[in-house]
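Just so it is clear, A, B, C and D label the chains in written order, and each chain counts residues from 1 on its own.
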Amino acid sequence: MEVHVICYLLVGAVMLFAGVYGFFTRRNLLATLISVELMLNAANINFAVFNRYLFPGMLEGHFFALFGIAISAAETAVAIAIMINVYRNVRNIQTDDISDLKG
Amino acid sequence: MNNSNLSAILSLHAELSLVVVLVVVLLADLLRKPDAGGRWFRVMVCLLMGVQVFLDLTPDARSLFGGMYVNTPFTSVVKSILSAGTLLVFLQCGEWLGRRDTRFRQGEFYVLTLSTLLGMFFMLSSGHFLMFYIGLETASIPMACVVAMDKYRHHSAEAGAKFILSSMFSSALLLYGLSLLYGTCGTLYFADVPGLLQGSPLQQLALVLFIAGMGFKMSLVPFHLWTADVYQGAPTGVTAYLSVISKGAAAVALAVVLRFVFPLMKDDWTLTIAVLSVVSITVANLMAILQGDMKRFMAFSSISQAGYIVLGALAGTAQGMASMAYYIAVYVVANVAVFAVISTIEQHTGGLTSRDDYRGLYRTNPRLTLVMTLALFSLGGIPPFAGFFSKFFIFAAAFEEGWWVVVFLALLNTIISLYYYLLVVKAMYISEPEDGRCVVAPMRSAPGVRLCLVLCVAGICALGLCSGFYEGLEYWAEAL
Amino acid sequence: MEYTILILLLPVLSFLLLALAGMKMSHRVSGLIGTVVLGAVTALSYMAAYDYFSLPRQADGTFATLVPWNAVWLPFTESLHIDMGVLLDPISVMMLVVISTVSFMVHIYSFGYMKGERGFQRYYAFLSLFTFSMLGLVVATNIFQMYVFWELVGVSSYLLIGFYYTKPEAIAASKKAFIVTRFADLGFLIGILIYGYYVGTFSFTPTETGLMQGAMMLPLALGLMFVGGAGKSAMFPLHIWLPDAMEGPTPVSALIHAATMVVAGVYQVARMFPLYIAYAPETLHIVAYVGAFTAFYAASVACVQSDIKRVLAFSTISQIGFMMVALGVCTGAPSHEGGLGYMASMFHLFTHAMFKALLFLGAGCIIHAVHSNEMSTMGGLRKYMPVTHVTFLIACLAISGIPPFSGFFSKDEILTACFAFSPVMGWIMTLIAGMTAFYMFRLYYGIFWGRENKELHAAHVPHESPLSMTFPLMVLAAITCVAGFIPFGHFVTGDGLSYDIHLDATVAATSCVVAVVAIALATFMYARDTQPVADALARRFPRLHEAAYRRFYMDEAWLFVTKRIIFRCVSRPVAWFDRHVVDGFMNFLAWAANASGEEVQPMQSGRIQAYVLWFMAGIIVLTLMLLLCV
Amino acid sequence: MNILSLFVLIPALMLLGLWAARSINQVRGVMVAGASALLALSVWLTVAYLQARGAGETAEMLFTDSVMWYAPLHICYSVGVDGISVVMLLLSAIIVFTGTFASWKLQPLTKEYFLWFTLLSTGVFGFFISTDLFTMFMFYEVALIPMYLLIGVWGSGRKEYAAMKLTLMLMGGSAFLLIGILGIYYGAGAQTMDVVELARLHNIPESMQHVFFPAVFLGFGVLGALFPFHTWSPDGHASAPTAVSMLHAGVLMKLGGYGCFRVAMYLMPEGLAAWGDFFLVLTTISVVYGAFSAVVQTDLKYINAYSSVSHCGLVLFALLMMTRTSCTGAILQMLSHGLMTALFFALIGMIYGRTHTRDVRELSGLMKIMPFLAVGYVVAGLANLGLPGLSGFVAEMTVFVGSFEHADVFHRTCTIIATTSIVVTAVYILRVVGKILFGTCQNPAHLKLTDATWDERLAVICLIVCVAGLGLAPWWVSDAIGGSVEPIVSHLLVLNP
């Protein structure tokens, strides 16, 4: 049976907001990082779906998705590196511990 | 065919030359002794950048890779402005990099910074949102590393974490917005999108998400909250770079895209930009009044400056673009000068960045104080310094498009901004230090810093009084 | 008669010389410079008077009005401009003579009186300045030139009253004099503005068309100008500065506050006389009533003052009241009936200048002798200072209107004019004339007769003044004796035609009788060593006596207005408003910026979740804005 | 090389010279040389101007020159003078010259002081010579900012507060001004920034004039101490060092009136027609209000500052009357107020330098102790209360007569209200003179004080001569001004009959 494009988009949207929500609520830096990954992948899903359903026969969306994945991988790498750095400094990666700079 | 391809490739000379510099620096870094002082290394980098500044310029517009990459004289001028700014930053970073605990990492600093610059170049001359996005990320990811450079300083790490996380957040949303745009248009070529826009709610949402993502890079309120913390936490040189180069690049890129990709949704984005600009200027000014730490203070000042910069995008005209680029150039020299002074004092006093430490600075370091004063006056828009002209032009551009109220509110804000710039001047000239003598001893800054300051002062004084620069920008902007 | 310009130039030159180089000179030299210059000026004025009046009369029998000098000083518009020049007509020439004579006498007198004073040179410099201003005032060719010199006269009077600038009373008096007259001058200025706007010129002789346009506003304009005149001439209620002005050196009081400056108001009215008669007779009559009331008020106060200079000051006010009345009672009636008062007023101005200057100079000699102004320190001085005594007596007789002294003739003309205007006015003025005689002789007896203040005189024997001081007395006394016989009507009359003064027998008789009776009364009350009657009266009507002695509390009233109303109720609130409301608002703005900064600060909480929350909020708000607005 | 550009060039050279100067004497040398050169230049200019007019030169601006600067916005560096700017230049040169001597012994940081002082005067001169809106505005702001440091560093009393307040309020004014200038430029079709040209075009839409006339008028009015935007003036003047008060009250406040006349009124007559009465009321208030506030002040400088509010209010008042005479009077008033208030501030500064107090209640009997300064003070006071023969009288009478020329009753009522200020002026002047100069000295410490030194005498005498000169021979000035006021006023009267 044919799954309507809206469903996919809904999945994407749900992922996005799940990510956003996670980012708001999670106190652990790694958890927030995972949430951001959710958001990025939501966008990637959109690209793939749009390409597949609305503009079949072209590859722009797919390529965009691929690049998006690659870039998010790079970002994650850097992010984790920095978190290690944070951990080395404060022995902890709770978001509350990186709130010295304020005001 | 082949031949023409080659020449086509060569017309990437801005990016290519930058890559060359990057590679050379990388290799040289591998070859040199890691714990050596590395003065000659720094000199070499600066020389290479000095050459690179002139390699950016191109006389004619070129489009490559089937329109993925578009290079125009205007963007090339902006690129060389950015390279020049980077050079100034490098000059002032010498002292910091020469320190025992950082000298073995200076190669990385240069490489990472240059790669962000490369990313900005691509972002500026992209003809497709994919290229744009790649450029954007290339510009931001290494930035996070540089921000976290002083890895044994807690604040540096915190700043890095905040930067990378929030920038990932914003880029995710931007990416989502792009996906929506793609979904509604079916293509992401700058050349094709305008024909397919019809201003549907989805596109409006996409537009907002896009502007938000760029607003994050330029740190417009309310997407600015990372700015102050990161500026304060990052090494001062990096802060200087962040505050001028990436901001400027993002601003021009945003202006270009809005003007040429979203012409049909002009009402939408002008309104959005107008609101963002006024809010940014006002909120940032109000916050800046309260800051006692110079780096944090400059963070808010730069936020409000970003608010002024986007007025050029608001106009969405050739004059707007020109005055924007001009504003950025002027802003670069002034801001870099301020940061140079800040970092010099920081380096010589073991990390003093509080405004109260500047009391009576004029007694001990008249030269530095004078440079600082000129730079601050230029930022505050006081004639005969360049800042006055740039403000006037950008206001004129926005005014011409009928944004009287916005311009007026921005003008009222100049009073507040003048107030807090004068607070610094007051600290340096008027206020008496607590124990009668200034905590900053008379000092002699490094040659690189001095050269940087000289260049900045020259720019502050000359850019305004000599009209050629602006007229050139105007000409190229018309040619866009 | 171009040389008349010298009459103005010489004093100003001597002023500059003395003001700039005076400190380098010895007293004698500077005094000589001033006096010699004034002598020259006097000679020139007499010469001018002789030449002028010996000119053939015009066809209509009047003296021509000469303008030997006139130049635009400050142009405003084509028609309106301040000119500076010299205008010669009967009254200005007459004034030239009066001013230069008295001033010359005062210059000589001051040699003795101011001997050894600190700031002798300054004194003579100011005298020259005053003389210059006064002369410039009388020869003004237009109302604005008059105003210019009017102000200059005011300031030189200010400087001379405050000559003893270390005496607080002197400072206060000079300030008071300047501010009160300044206040009056405001009226003068507005009057000039109205005159200039409606009549279209500042000159004394407007064009017919100008008068046509301005006729409706002329009464107002002239009335306001008279306010200025009233201020200078110390008309009630603007008279309060004059008694205090006696703080200045006595010769100055003689020159400025008796003979010349205080009659400037009279002169001004006389100057505008044709306009008054033709366009504003009612205003002229108001002048008369003001003058009459002032004359009465001043005379009644003068009866109880104990400071001889104060007495003289009030008698001056009263006499000026006479002159004002004389002008005021003039009407448009044909031939000399209507214009009689004009001639009388000018005549009285002339004679009064002489004998009042004489009185003041005499008072100066007395003060010089006993070092005090208080009558209590005097008495029985006649044997110590004979010359002063005789001349003083002559002056008293003159002012009381006893023939054949000059005062009799001029006052008689005034009374005649008053009777011609209305019997009531005539009788009132006659009564006041009687009071004049009374208080003058009270003064005379109090000084020269009565009980002698033995112990004081023993301590310091009074002595006759040196010749430099007595000589002017004799000269003025001589003038006083003969001036009455000057055929004044041949020179100055309301319509300019020649006119023989003839005494109205009844009026003359009544006034003489009244005067004699008054003198007799004064003799009865004050000639003896003790004054039971006077004291009895003082005890009988303590309130009245007290009130009269305190000048009917006019000063207090003015003090109330200035201190309480202006100072407390206007200036202080205004200043407070400025500091706390206007300025407070500006400070409030600054405070508000700071406060709102602190309001937005929590946004920067340092927690990254909060940051992205704001981020999302911003996106949502912007999206909604676009969806709803665009 | 246009002769007028020298007015900017000479100060620029002075700046370089001061920068290079090593000793205090070199600094003084540079200042005296430059100031004298400027004075000579302005005198020469005045003579040349009068000759040119005498020769029948009818152009509105003389000695004009224009160099295209920023072509895209039609910004030129264009200079030119008419009678008004000529006398203003003369005034500025005199004040700079005397101010140099008034701050002869200033300590510390003499060099820096004179650097900023010269920068300030550069702005002033540049403003008066330029006929291009942008250049005008630029020089205007150049003149504003040095005030901050001059007051903040070398001032006295609550100097930091006063300096900040003054700078911010004036900057607020210039914010209005800038928006107004943009309005003019784009309203007139973005063709030119030249004032004369704009006036000739006269094509700003009426609706825009209604918006931007008040902006420009307020912008300049703040500097002209227009009620209720005058409160920077008392604090600022009270805290500023002598020469700065002189230059600021003497010249800088005149920029306000000049700008209101040359820019706001000249370029936007319809706007003037709409807003004239409103501002007239404000100016009338400032005239009387300033005088009354001065009566109760106890600080000499405050008294003078408030009297400046009153007198500068009279300038704007006269301008708004829009008759030829009243506008001439306004310019005369600027000139005369500039001279006499500079004289006042110079003397106050000298007295303060000796007694270290400006409180009227603590000073007395100075006439005996420092006769020269005291006499100078009396002269200044008499000039201030409009004594004939000194400049004040000439100016005020021209203003009053001219204002009364206005046919409208409302305007003449305002005139009569304004005239009352001359009495109040007399009150506060004589109060001060009586209190501090006359009487006997109460404070024994003051008895040992000395009279003026040669440099102070030079400054004071120079100013007194100017005041008296203007007061005694006003006709040529008023001719020079009147001739130049004529075209502007006629331009206005055509539109507001």
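Please note the rule applied: a residue touches a chain if its C-beta (ideal position, glycine included) is under 8 Å from a C-beta of that chain, and two chains touch if they have at least 3 such contacts.
Since we're looking at a predicted model, the values are computed, not measured.
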Centroid comparison with chain B (C-alpha atoms), farthest chain:
C
Contact counts by the stated rule: is the higher one at B-C or A-B?
A-B
Innermost chain by mean C-alpha position:
D
Using mean C-alpha positions as chain centres, tell me how far chain B is from chain C in Å, no decimals.
78
Report the inter-chain centroid distance for chain A and chain B in whole angstrom, where each centroid is the mean of the CA atoms.
27
Centre-of-Cα separation between chain C and chain A, whole angstrom:
98
Chain C to chain D: how many Å between their CA centres?
37
Could you list which residues of chain D touch at least two other chains?
168
Residues of chain A that touch at least two other chains are 23, 32, 98, 100-103
Please list all residues of chain C that touch 2 or more other chains.
601, 604, 606, 608, 612
Every touching chain pair, please?
A-B, A-C, B-C, B-D, C-D
Of all residues in chain B, those that touch chain A in their complex:
129-130, 133-134, 137, 141, 144-145, 148, 151-155, 157-162, 164-165, 168-169, 171-173, 175-176, 178-180, 182-183, 186-188, 228-229, 232-233, 290, 296
Residues of chain A touching chain C in the complex:
20, 23-25, 32, 95-96, 98-103
Chain B residues within the chain C interface of the complex:
161-162, 165-166, 169-170, 173, 199, 201, 204-205, 207-209, 211-212, 216, 221-223, 225-226, 228-229, 267-268, 271-272, 275-276, 283, 286-287, 289-290, 416, 419
Touching residues of chain D toward chain C in the complex: what are they?
165, 168-169, 227-228, 230-232, 289, 292-293, 295-297, 324-325, 365, 367-368, 382, 385-389, 393-394, 397-398, 400-402, 404-405, 412, 415-416, 419-420, 422-423, 426-427, 430-431, 434, 437-440, 474-475, 478-479, 482
Help me check something: in the complex, which residues belonging to chain D touch chain B?
69-73, 75, 134, 138-139, 141-142, 145, 148-149, 152-153, 159-160, 163-164, 167-168, 171-172, 175-176, 178-179, 182-183, 185-186, 190, 211
